[in-house]
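Across the two complexes that follow, chain A remains constant while its partner is chain B and subsequently chain C.
Let's look at the complex of A and B:
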């Protein structure tokens, strides 16, 4: 998935001329995007504009038909192996294993990188207002709780790049404020954040740049 | 390699927290006990009860229904884990932490290991129960022209009773080793069906289809082998899935059939290669 040995730390994310179709539909028509470490970039666009697809390309869950993507200094392409070490991801409504507790879902994921302990996992849950001692399976969680668990999953390993797809969906208003504060804190720690949304108001308070994805092309929101 | 080991460990972690794993173990032991009960009430092959015969007849379907549900039990252990990952979207979180290659290799290895461990443990526990319940000895047997044969009043003493047909002489020379070999073959068959479930998971996320698919292939394949065998007048039924999964013990005319473990091993390797190749090459797995 990720080709090793092509490291460049100048940008956290660098996408050049990215084209992607789904079936017969051309969704992305030449995306150019550069994101620095310590920068929050918001991408605004209507539903179905390709925001989620773009995030999937940036983290290697899908591959571009044309163009080049470098995330965390690694080129994303189908033939190479390896995993993205420094990326936290939250895509759409986060999907967890319904029969496991929130803590066990996160412990299972943490085992894949083996960079954090169970105590770190529990701390990440507390950070988003979830109780790690809650033994209920995830299927008993509300939509808001699942979203919080998804955020905990994305930040628990302290990644340097965070890709968030409509992260405030389903969040209750009082926690949304805390979440925005957390993003500011992460930006202060040098984390690059790409945040997609269709709500203009919520991104303006944190984003350094706001881009609009319309008709498969990314442009400055005001441009 | 390290990534594959991590995926493997996480799958073991996950499987030990799933109730279907416990259900699969209970199904193995439960259906084997049903076979032992059925054996205790019949005088099949001989009027002398034997733990070895009780166990072998429960496995091969002569006195039990185990052979009929084998793929269903096997697939419950972990065969559906890939389908769950895809259905819930959990696979996205996993694939940002491991490569596709490590992910699928870890899945194949863990499903193979877990299915093998649970099924073999269940079978060996069943043998332990059989050996407590019945005398741990073979029934009376004698030699006919250098071939061991179970003494059966219904068969003339000069005639060889062709049971078992699988590795016939091994049962009489080393009965416990024979039990281990047969258990190993049945376990290989269970592993193969779990791998088939994983292969099906690449095309569907419907859990019931992933769990029932291998069983349908199992029963449908057996039916097909029987019908084709009759049409072309060849003993194809000896290679039908149900026969290779347990009924092989007393099925067929030859008294070796040592190729059966190799057939299952080859089938597992082939299924794993197809699963690996399809998963790493198909771009739409996550779409």
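Let's look at the complex of A and C:
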């Protein structure tokens, strides 16, 4: 197995021949994907094309029926207690605890990795335009605020791989610009980013490569 | 390290829920009912002490076999399922493996059942103190009332110091709730609906109580440990048999849940 952090010889993400069905439906039909550190790859596709499922496979929340996935040097497979990738992840609806404040939600999550301090958590909230001193429970947050909190949790521990599923959903246009700038900064720091969207316009601003997921097959958008 | 962090995180989340206020309130109600019951009997509260109140609550078959589990299950049955949708996306990627996630859930169930039983015992004990004296030994009520003693202990147990009996009952109820809670939460996890687990658990304890009353303790699956302390039931199944049954149910639930965790798509 490739050691974590050994970037000189490995891809951040390497998926080979990934096949995945949900029930009787074959959703992904042999996905091949390689993402380098410091690269932003956008995956475009209509709703229901399997974009979210692909991100779940890349981080280990689901396992492929066939094929092999290595994310951040970890082989994603059910052996050895069910390996999970060490990534920053934002999927459709982040399940924050509705009765706790945004800050307390992030502090609880930060406890799991124990890589950052409370000050870092607060800084991540400020970075996405949220006030860490806001004591309101998350249930009182607007959709846009929850999405910002979701972005904050994904980036707060400075992961080397970031998987973002339609991250601009619910964001207001002003903050969307800031978010895109943040992605550029992260790319400059060597973070590998996989970003799914069905909005072509926004991904062209930042993405190094744009791939299209259609009928279960991943291909160059222009190809 | 990850396991302990996740477990601590789970415990904080579990007890941050307002529903846990129900536990002490429930204990106060039970203690008040038992105090009223003893108070209206022939000898009244005068010769009783705190052991009588504790036994009145925790050696009562219906309370222990039905009421305690049903309330406990309402508090914890969704502790796995609530973490399987959007929240799993946040927690799982912060752990090295799914196994850590599952073992922390099992640990949470152990901690939650321990806290629940502790709160119940403490609150019942606390509620009884204004009404009856605190004493180290058995009360005069035990000697006066004989076989009609409301605590339900066989006469042979009166040679054992009361703290030992209470400690055994505490441990057995804890293990029983740990096992039953884990089984029910695992069922909710597998079916994806906590309510299914809770209903199954509630039906199971009612059936279990019924079978105890009709056929005796050998068919009693849940919290079976309690039977040793009841004079009115056959004495063949012992404390260790009860521990074995509850341990088997816990082990089976944990293994099924573990295997399901490894294969499930989150």
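Everything that follows uses one rule, which is that the second predicted complex is superposed on the first by the 208 of 223 C-alpha atoms of A that agree within 3 Å, B and C clash if a C-alpha of one lies under 4 Å from a C-alpha of the other, contacts with A are read in each partner's own complex, and residues count from 1 in each chain.
Everything that follows uses one rule, which is that contacts are C-beta pairs under 8 Å (C-beta built on N, C-alpha and C of every residue); 3 or more make two chains touch, one makes a residue touch a chain.
Just so you know, these numbers come straight off a predicted model, no measurement behind them.
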{"item": "Three-chain arrangement built on chain A, chain B and chain C clash or fit", "value": "clash"}
{"item": "A:116 touches, of chain B and chain C: first, second, both or neither?", "value": "neither"}
{"item": "Touching partner for A:86 - first (chain B), second (chain C), both, neither", "value": "second"}
{"item": "Partner chain(s) touched by A:180 [first = chain B, second = chain C, both, neither]", "value": "neither"}
{"item": "First (chain B), second (chain C), both or neither touched by A:59", "value": "both"}
{"item": "Contacts of A:78 with chain B and chain C, given as first, second, both or neither", "value": "both"}
{"item": "Which superposed partner A:19 touches (first chain B, second chain C, both, neither)", "value": "neither"}
{"item": "Chain B versus chain C as contact partner of A:99, first or second or both or neither", "value": "both"}
{"item": "Partner chain in contact with A:108 - chain B first, chain C second, else both or neither", "value": "both"}
{"item": "Footprint overlap on chain A, where chain B in one structure and chain C in the other make contact", "value": "56, 59-63, 78, 81-84, 87-89, 91-97, 99-100, 108-109, 111-114, 153"}
{"item": "Chain A residues touching chain B - in the complex, by the definition given at the top", "value": "1-2, 22, 56, 59-63, 78, 81-84, 87-89, 91-100, 104-105, 107-109, 111-114, 153"}
{"item": "For the chain C and chain A complex, residues of the former touching the latter", "value": "1-2, 5-6, 8-9, 12-13, 16-18, 83, 85-100, 261-263, 265-266"}
{"item": "Chain C-facing residues of chain A, complex", "value": "56, 59-63, 78, 80-89, 91-97, 99-100, 108-109, 111-114, 153, 157"}
{"item": "Residues of chain B that touch chain A when the two form their complex", "value": "3, 6-7, 9-10, 13-14, 17-19, 84, 88-90, 92-102, 283, 286-287"}
